[in-house]
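Each of the next two complexes has chain A plus one other chain: chain B in the first, chain C in the second.
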Partner chain A sequence: MNQSLNVLLFGITRDIAGKSVVPCALSGNATVSDLLDYLKQEYPPMAGISSLLVAVNGEYAEPATRLAANDEIAIIPPVSGG
Partner chain B sequence: MTTTLLPIELKRYQKHLNLPEIGQEGQIKLKNSKVLIVGAGGLGCPVLLYLTAAGVGNIGIVDHDVVDISNLQRQVLYTTNEIGKHKAKSAVAHLQKLNPELTFDAYTVALEYSNARAIIEEYDIVVDCTDNFKVRYLINDICVSLGKPFVYGAIHRFEGQIAVFNAVLDPEKGQRGPTYRCLFPELPGEIEIPNCSDTGVLGVLPGVIGTYQASEVIKLITGIGEPLKEHLVMLDLLNVSTQKIKVKRRADAEEQARQGLQHRQQVAVKTNEPSKISVQELANRLMNNEEVFLLDVRERPEYELCHIDGAVLIPVSMIPNNLKRIPADRPVVVYCHHGIRSANVIDYLFAQTGRTNLYNLTGGIHAWATEIEPEMATY
Partner chain C sequence: MVALTSDPIDMGSAQKYLQSDQAGAINFFLGVVRDNTADRAVDRLEYEAYGRMAISEMQKIADQACQRWNILRYVIIHRTGVLRVGETAVLIGVATPHRADSFDACRYIIDTIKQTVPIWKKEVLTDGEVWVNAHP
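Coming up: the complex of A and B.
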């Protein structure tokens, strides 16, 4: 079964996508790593960012973490400004 | 170490003393503490103002930069007549007036591998208010190796991040919280993620994020509340939303920091400082019709406002896709507004191509306009 997840974007990823929330169509048993692959395919400039933190339900998520339909997912890139 | 407050301090800190959570005991802890602020820019200004007002006894400020008119939109410590003066020294002059009882040390150098350990060693807590990844990772790696906590803040357009890294979680077990590398293991290339000199930033944003950092420092020193030792907070001013993300320390946090420092040591041995060229020397070379490729890496509106005759515009973000346009057979002089973005581009080009025909124009187009072409527009 496929699922559509709403993903919150921050920093440069938000600038790349041009919006702060993007719907992502993924398979039912998709992982964090699948989500990143999907985003990099949809928005190629994201592939150039070496570290992207993914948070699921308010916690740092490992690449193998499975995603479910109601998860709150955030993509957090490093930010350099000061 | 002091164990008492002077009568004048009892008056100055009355509103802290009235808080049972702080009281005399907390105020004495603040008085005895040593805090280093790295970067006296947008984030550094509010951190410095509030820690000075709060009575942090010893405050160190590292910043090699001078005040520029474009800083004044958000760097609220400085005044228009201080343009061109060292930020660290101007900051101390203001802060001493605010609180003459405190000790300030101004370091008008860039924090780098060769000096970071000696400077940081002197302090209990570091506040990361820098504007580039290189120094952020350096602060992380040195603090992890010295066992010091650091309070992190970073800004992008309308949003900011705050966290406390490498802080003691359980004093009995000596357990520490996550580090910056636990969130973002690898140092990103400087041109991968734009900084505020490229993208712009809402002036009030560093004020908000910096005051959060100051608050975290005070909580760490006095031991009150719950500092962000295991959380990253993201704050978006446009819709006033916050996200609080729980982060764990990775088992290899120390090893990553150690490798980071080892790598810097090797690089320091292998490569020289990037080549520089002064505006005067460039002017001489151009006058002698020497073949030089002038590369302007600013954004298009900046280029349209002013540029050096014959310069080719490739904004920082476009560099990776335009490597072929940069010649290898003659000197390439790279410039931006003040010489920071161009230095990053040279680092990137060196890493990607190993080119050694790259020269950074010292002081950027601003220096060129001041010294060579006074009729040129400045900004």
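Coming up: the complex of A and C.
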């Protein structure tokens, strides 16, 4: 079964997509790493970013973490606070 | 105290908050907008945060610092939005009984913020713009 995940974008990823939330059509058992593959395919400039991490419900997630439609999912490009 | 704000950071109220009769040292670090980067002139910086996570990651860093050092009070405030040259982007303040802990904790907090907290800055230069750290 497929699912559509709403993914929050920040910084350069938001600039690349031109919006701050994108719907991502993924399989029902999709992982963090599947999501990143999907985004790099949909938005090729994202593949050129130094690193992309994913936060699930406000915490950094591992590549193998499974994603569900009710999770708050965010893409974290290289941070540059301070 | 950990906060994100779109308003200018007020160092005086931070100092008042840090004041304690047990504190022999209050150490501040201010991160300030500079007028150049790699020899290119900076017009302004635009800071953006993933709010809820920026707060929780800054709180984790503060909690770690409190476990490592004898911290009486701390303040961590990060700006968001458009900042001009000379404005304070981040303030770290740490009050401890003795000065060594306040220096070490302050340094640890700012260094770790730069590594883990989901805040991003875009440098708007007079000849273009760049998301800092985004590309190798």
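The definition used in the following text is that the second predicted complex is superposed on the first by the 78 of 82 C-alpha atoms of A that agree within 3 Å, B and C clash if a C-alpha of one lies under 4 Å from a C-alpha of the other, contacts with A are read in each partner's own complex, and residues count from 1 in each chain.
Here is the rule we go by: a contact is a pair of C-beta atoms (placed from the backbone, for glycine too) under 8 Å apart; a residue touches a chain by one contact, two chains touch by 3 or more.
Quick caveat: nothing in here was measured; it's all calculated off a predicted structure.
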Checklist entry - Does chain B (first) or chain C (second) touch A:48, or do both, or does neither? => result both
Next on the checklist: Applying the document's definition of touch, where does A:58 land relative to chain B and chain C: first, second, both, or neither?
Outcome noted: both
Checklist entry - In the superposed arrangement, does A:79 touch chain B (first), chain C (second), both or neither? => result both
Item to check | chain B/chain C common contact set on chain A | outcome: 8, 10-12, 15, 48-50, 55, 58-59, 74, 76-82
Checklist outcome for this item: Within their complex, chain B touches chain A through residues 39, 41-44, 128-133, 136, 153-157, 159-161, 183-186, 188-190, 192-196, 199, 201, 206, 232, 234, 236, 243-248, 320
Next on the checklist: Under the definition above, what is the set of chain A residues touching chain C in their complex?
Outcome noted: 8, 10-12, 14-15, 48-50, 55, 58-59, 74, 76-82
Checklist entry - Quick one: in the complex, what on chain C touches chain A? => result 31, 47-50, 52-54, 56, 78, 89-90, 110, 113-122, 131-136
Next on the checklist: Applying the document's contact rule, which stretches of chain A touch chain B when the two form their complex?
Outcome noted: 8, 10-12, 15, 20, 48-51, 53, 55, 58-60, 74, 76-82
